[in-house]
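Here come two complexes built around chain A, the first alongside chain B, the second alongside chain C.
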Partner chain A sequence: MGLFILRRSGVMLLTALCLTFIVFFLTNLYPNLEKLAKTQGNFRMSDEAVASWLDANGYGGSMVSKYGQWLGVLPGWTRETEKGVTGRCITGTASAEQAAEAPTFCGILQGDWGYSTRFKDEVSDIISERLGNTGLLMFWVLMLMVPSALLIGVLAGMREGTATDRTLSTASILTTATPEYVSGVIFIAVFTSSTVGLKWFKGTATSAMDNPNFENFFLPVLTIALYGMGYIARMTRASMTEVMTAQYIRTARLKGVSFHNIVLKHALRNALIAPFTVIMLQFPWLLNGVVIVETLFNYKGFGWVLVEAAGNNDIELLLAVSVVSVVVVLVTQLISDIGYVYLNPRIRIS
Partner chain B sequence: MEPLGFFEIALRIIYQLSPVWISMVILFALSIGFKRRLGLYGKLFDSPIGMIGFALVMFWVFTGIYGAMDMIVTHDPLSQVSGMKNKLPGTPVPGAGEGEYPYYLLGGDNLARDVFSRLVKGAWEVIKIAPMAAVFAFMVGITLGLPAGYYGGKLDTFLSFAANLILAFPVILLFYLLVTPEIVATGVPNYMAIVLFIFPIIFVGVLLNSRYYTRPKLRNWLLPVVLGTIIWFYLQLVSNGGYLINTPEYAIWGLPRAMDMFDIPGGILVVFVSVVFVNSPTVFRIVRGLTLDIKTRDYVAAAQTRGEGPWYIMLWEILPNARGPLIVDFCLRIGYTTILLGTLGFFGLGLPPESPDWGSTINDGRKLLSIYLHPALPPAFALLTLVLGLNLLADGLREESLKD
Partner chain C sequence: MTKMADYNGPILEIDKLSISFFTRLREIPAVMDFSVAVQPGEAVGLVGESGCGKSTVALGVMQDLGKNGRIVGGTIKFKGRDLSEMSAEELRGIRGNEIAMIYQEPMASLNPAMRIGKQLMEVPVIHEGVSEKEAYQRALEVVTDVRLPDPERILNSFPHQLSGGQQQRIVIAMALMSKPSLLILDEPTTALDVTVEAAVVELVKDLGKKYGTSMLFISHNLGLVLETCDRICVMYSGEAVERGSIHDVFDEMQHPYTQALFRSIPLPGADKNARPLVAIPGNFPLPHERPPGCNFGPRCDYFEEGRCDADRVIPMAPVHGNDRHETRCLRFEEIDWNAPLTLADQKEKMPPGKVILKMENLKKYYEVAANALFGGGEKKVVKANETLSFEARESETLAIVGESGCGKSTFAKVLMGLETATEGQILLDNRNIEQIPIEERDTKTISDVQMVFQNPFDTLNPSMTVGRQIMRALEIFGVGGSEAERRRRMLELLDLVKLPRAFADRMPRQLSGGQKQRVGIARAFAGGARIVVADEPVSALDVSVQAAVTDLLMEIQRKEKTTLLFISHDLSIVRYLSDRVMVMYLGHVVELGTTDQVFAPPYHPYTEALLSAVPIADTSVVKEHIVLEGDIPSAMNPPPGCPFQTRCRWKSEVPGGLCEREVPPVRQLGGGHQVKCHLSDEVLERMKPVIKVAAE
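Moving on, here comes the complex of A and B:
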């Protein structure tokens, strides 16, 4: 088991390195750098001005050396001008003595995530603040999604082919067919607009960042939860129907155990193994949902940062965003694999 | 003129859609009539769920096709009529001349364009891209997934790693990185197109060669003809205005213009390529899993004993026996592609801003959602029903294919 986790962690590290390099490569292509220079400088810069701006701000040089600097395995760039020394590890312009004291390496290995050109702030501060907002959103999404999906799945799979089963199964197909930007728009239209007149909830979740309550937070949570709910419910149903036809259930029935007890004591535990993996593997999808819902409801979290960073080619912020999301995806995959082994004693990892 | 009431709007829309109804009645009558002779497709008509799904899908397919032929639309989807901004459904068009449709059936959007016509034109945007993208994703996934599952070993490790790498990317981040005008200017999507579109050629080439290499006479004329046609289409697809790649710094020559029958605009190409790119790793994983399962069967061992080549076994023994799950996944994948296209439109990526596709229309409409519902809701319901139809269709197919 220890070896398995170690090997998986190695693969994870390799994946994260490859992914960040791809992001790095795409964001450092010349047209993207040109756009960055023009948004940071001014829009009417000549080609020479763009080139000199890029050179002065450390965007020149080869792709590999820049990537090494970002990682912290190559020394950060420094540049001497008449006003003093500027460099990757130096904030603003410093004198030669100050520059000599500054650390040579400053990449993510040293814990320096860089500086966001869009927000004019440290990347680590932005990420931790926004991730907190999204964490809250995700927490409530899981609190709503997982129990209701399991309940729907178990109820539908308990007695296969009944009217309850048909209704619940169709409802789950319906929710999987409704992407967040469709259900969100429908919810906003029905529950918040003055045309329909229900006005039960608020159409934006901006106020939920300081003061989350049912009125401003329920709709975004519901919108994300619905899309994943149907899928988990269908998996639970499939696994439940399979368990309900097993021999030991029939034995329990013949012994005269009540239906209630069969479901709760005999079937449920075995039926919940498969959905557990599915729930864990839903995280990458939830991440997408977060981006859409945060844009739709104007909730400034991690997804909103992703959109802002990508729209403005904010290289270091975008890299941090991809590191975080890749780690989330891979860690949940690992948990799903390990959890599967613990829940299902029949399977051993060779 | 008075604005139309609810029933009048509904009646007029139904009337406007009459070519769709006629086609659907004909299609269903023929299909149900001959359902015993149509294999899996015919069996679909035994399952009510599958039939509902198929009807929903075909409704949008016919709407898209007839919409592209300008049959259903009432107005030009891009033209703006003054005084129609954000007007409610059924509002008469002021000063409508002879031969012009006198109403905006589903109202006007915030640029005073007809919502109904944009909805119909938007169906074509989806029908045009989504199925083709799914086909290409399947070609890539099958061509790579079969050898990965069959041979295993280093090849499998490498390909699975690459697939998991792409799957670990949040889709929206990938879209934001790939589908921007700056990236289009660097030619990256063209390189990706050149690589991704080569897979169908490999697939068809290996498919035919592995089957007919024992009959050289047939093979020697069949293969050049088929491959020649496909390669010609491939070159037409990837070369644009005489160039394969045309960036300010350098250019690579492609097919001469005289032989190039169609050009794909850069915006559409990048959307298409990224959707294929995002979908193929999932298909790869499914095909690989199925191959791992099927290669232990007796008929594969029999083929190996007969001395068949590995590609013959993969393409003519394993693949046909994996068709059930693959057909089901194909339907689901078209639905997922539709959702992805909507996501792209929703974030305003790739497609031109005035494009009538559903995602962009929803995005335009959502900004005024608290006051005007009619511009955003029709495309939202359209997308919902199409994807629902595809999911129900997949469900029906799964049910029917499990019956034998």
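Moving on, here comes the complex of A and C:
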């Protein structure tokens, strides 16, 4: 088991390197850099001026060496001008003595995520704050979505074709077919506005960033959870109906096991094997897919940062967002694989 | 829940039972007017081909027919109480407690995500409310009863960690956990190997005696029913056609279907040239297309127009002079049941021609990672084939016999070029082909060596017409210059396999299993194949169809002078059609010789056990009883020395533990008969024939 996790971690690291390089390559293409130079400097810069600006700010050089610097395995660039020394690891312009004391390596490995041109702040601070916000949202969404989706799926799947099955299946198709921006708007209109009069919740979750409570946080959670719930419920139902027709369920039935126990003891574990992977795939979706809901409820989270970074050509921030996303995807997949092994005894690491 | 009160009448009494399945289109009657009674301690066999409704009867007894099935007439009484009038609660108390069932596929019948122990303990916990600890003790006891080694380890394992035979023993143990009065066995050994089957059958018989359980034994294998049951009920197309004691039905059959069934299975002592199998003409009627009058009418030799097809229900009529022997035939008193079989045309045995295929010391080893899923770990070597040597001649049938895992399929793969040999050589017309994978073989070689597959259902492309598939094969083999020419040749091939030419435009799904297998044969012979590897070509087919397909293969072989390599585990059919037999065990050829040499002593100990394990549907045959202990060792971890030493009953006759140290050399016993065994000549001399036909 330990060896397996070790090997998987190795593969993960390699995948992370490849993926981040691709993102790095794409964000550092010349047109992007040109745009960056013009937004940071002067919109009427000539081509030569752009080139010299990029060179002066460390955007010159080969892609690989830039990637190495960003990663923190190659020494950061330094440049001596008449005003002093500038460099990747030096804030502003420093004297030669100060520059000598500055670290040679400063990439994400050293914890230096760079500086956001959009927010004028350290990338690591922005990421940690926004990730915290989205993490809270994700947590509550999962707490609501997963148990209810599994419950709906199992209830619908244990007796295929009955009225319960039809009702629950229709409901789950309906929620999956309604995008968040539709359901979110409806919820806001119904539960918060004076048109309907049910002023149960707040229409904005801005205050939830500091002080989340049921009133200001439930609607965004519900909006996302409903959308994802139908999907997981459908998967669980399909898996459950298949298990319920399996021969070992017949064996259990003809052993005299009650229906209640057939579902709980015999079918459930087998039926959860397939949806488990789907549930783990929800994590990456939640991380970036919540943009719409975050915008709708004015809740500044990770998705919102991604949109801001992409819209404003904030290369360092964009890179950091992608690194976090890649890590989340890979870690959840690792958890999914390990969990799969525990659920399904036929796959054992001997 | 406690047991029902004792009852003096029959344990199970089914009276005029009719079961139908309801679809949107129509009602499909699956069982009609079916009656049978099981007395205490009695074993009743239910025999018939697939689709005749025997499993439906079993599920009807369990009252578990699903949403679409319903009992539309008659009663099922268990210990005098009508099961269909019981509440769900009462039924649950009976299932698993009073009536237990053993299923066809042990792997699918056990919950893959639950430990064996828990699955077993559930039964007494539900029905008798005993404590976990006591249930565990009971489980331990029953697992020991079904002769599984190391019961505690078994209770703690998951189903997939056991072999097929062990899984079936667990299913049996589960059925016996609460000592039921009635045991329903639905094809309990069909998925198992012959020697394992023999052991399981013996176990069931012994346990039935020990616990005094009545049994309803469902099977398509007449030989197996003869060995296990006291009474038999033959079913055809949803009806019982003949019912009686085993000896009455086997020796004095009174229904044409029973007779036809017996004539279509090969019996020991019969060979293909002396007594060809008589196939039942026509096909099994679909449940909604049954003919008027007698269901078997259209396929019956004794059919009388106007009488047998009159639109009325034919009742069961008692046969006088026999105990509870009944038949559903209008003419049974007029038919001369002892009339000798009119032998159609005796076929001359074809003299074998020159050597076409020669194998010399063929070896095939696989390297497998010990940990297949996650890679890594140390490599293990699976010795699938060890020093295989033999010759095959023109128009000869060489049978390759052995149980699963013995390496017969690997050998076929190497011959076909799907794998390349590790060592040794395969000579086809004195050309080496063992290292040429199929992609690099020339068209001639490919069309020369062809294969007929075991499962005709999966080997035809479902979205291509039958004719197109054969023409595609012709195209690949480079037969015929134009489309029209190939079409002509394709139609000739359909004639050869006796399919109507109209079938060329049909889709595979419109064909029955036997017809599909004929298409498979036509495809194999498309390029004028000289060597055909038939890998269990009839084992997936029904008994009445098996005979027809086997005969067809033989006939084409005679016509085309093909060398047939017939891979099978069914020794009856091997005896019937092959000229020479090769017995394999764990990758080794343990015995090779002509059919007569292999089927008569001296045997290799494994051949002896195999022969003893084959159920024979003939009451006049006496078999010596040899049951092999344990399972076939894994090829990944073969025993040292002789591969068979772990299960051999003659091992003590070899002095000095030689069997455990050395692989025995190949010994010639004269006449091309060879055996891989350490036993001395005197011991081999002492061996007695396993199968004896008792004096009439």
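Operating definition for what follows: the second predicted complex is superposed on the first by the 316 of 350 C-alpha atoms of A that agree within 3 Å, B and C clash if a C-alpha of one lies under 4 Å from a C-alpha of the other, contacts with A are read in each partner's own complex, and residues count from 1 in each chain.
Heads up, the rule we're going with is that a contact is a pair of C-beta atoms (placed from the backbone, for glycine too) under 8 Å apart; a residue touches a chain by one contact, two chains touch by 3 or more.
Quantities reported herein were computed from a predicted structural model and do not represent experimental measurements.
Name the contact category of A:Y30: first (chain B only), second (chain C only), both, or neither.
first
In the superposed arrangement, which partner chain does A:V291 touch: chain B (first), chain C (second), both, or neither?
After superposing on A, A:V291 lies in contact with chain B but is clear of chain C.
Pick one for A:I173: touches chain B only (first), chain C only (second), both, or neither.
After superposing on A, A:I173 lies in contact with chain B but is clear of chain C.
Can A:L198 be said to touch chain B (first), chain C (second), both, or neither?
A:L198 sits against neither chain B nor chain C.
Which partner, chain B or chain C, touches the larger number of chain A residues?
Counting contacted residues of chain A, the larger count belongs to B.
Going by the contact rule set out at the top, does A:I186 touch chain B (first), chain C (second), both, or neither?
After superposition on chain A, A:I186 lies in contact with chain B alone.
Could you tell me if A:L13 is touching chain B, chain C, both of them or neither one (first, second, both, neither)?
neither
In the superposed arrangement, which partner chain does A:M63 touch: chain B (first), chain C (second), both, or neither?
A:M63 contacts neither chain B nor chain C.
Under the touch definition given earlier, write down the residues of chain A that touch chain B in their complex.
Interface residues on the chain A side: 11, 14-15, 18-19, 23, 26-27, 29-32, 34-35, 173-174, 176-179, 181-182, 185-186, 188-189, 192-196, 203, 284, 287-288, 291-292, 295-296, 303, 306-307, 310-311, 313, 318, 321-322, 325-326, 329-330.
Can you check the complex and tell me which residues of chain A touch chain C?
3-4, 7, 161, 246-248, 250-258, 265-266, 269-270, 273, 343-347, 349-350
If you look only at chain B, which of its residues touch chain A in the complex?
Touching chain A: residues 161, 164-165, 167-173, 176-178, 180, 182-183, 185-186, 188, 335, 339, 342-343, 346-347, 359, 362-363, 365-366, 369-373, 376-377, 380, 383-384, 387-388, 390-392, 395 of chain B.
For the complex, which residues does chain C have touching chain A?
Counting only chain C, the residues touching chain A are 1, 62, 64, 67, 92-97, 100-101, 103, 105, 108-114, 122-123, 126-127, 158, 160, 171, 174, 370-371, 373-376.
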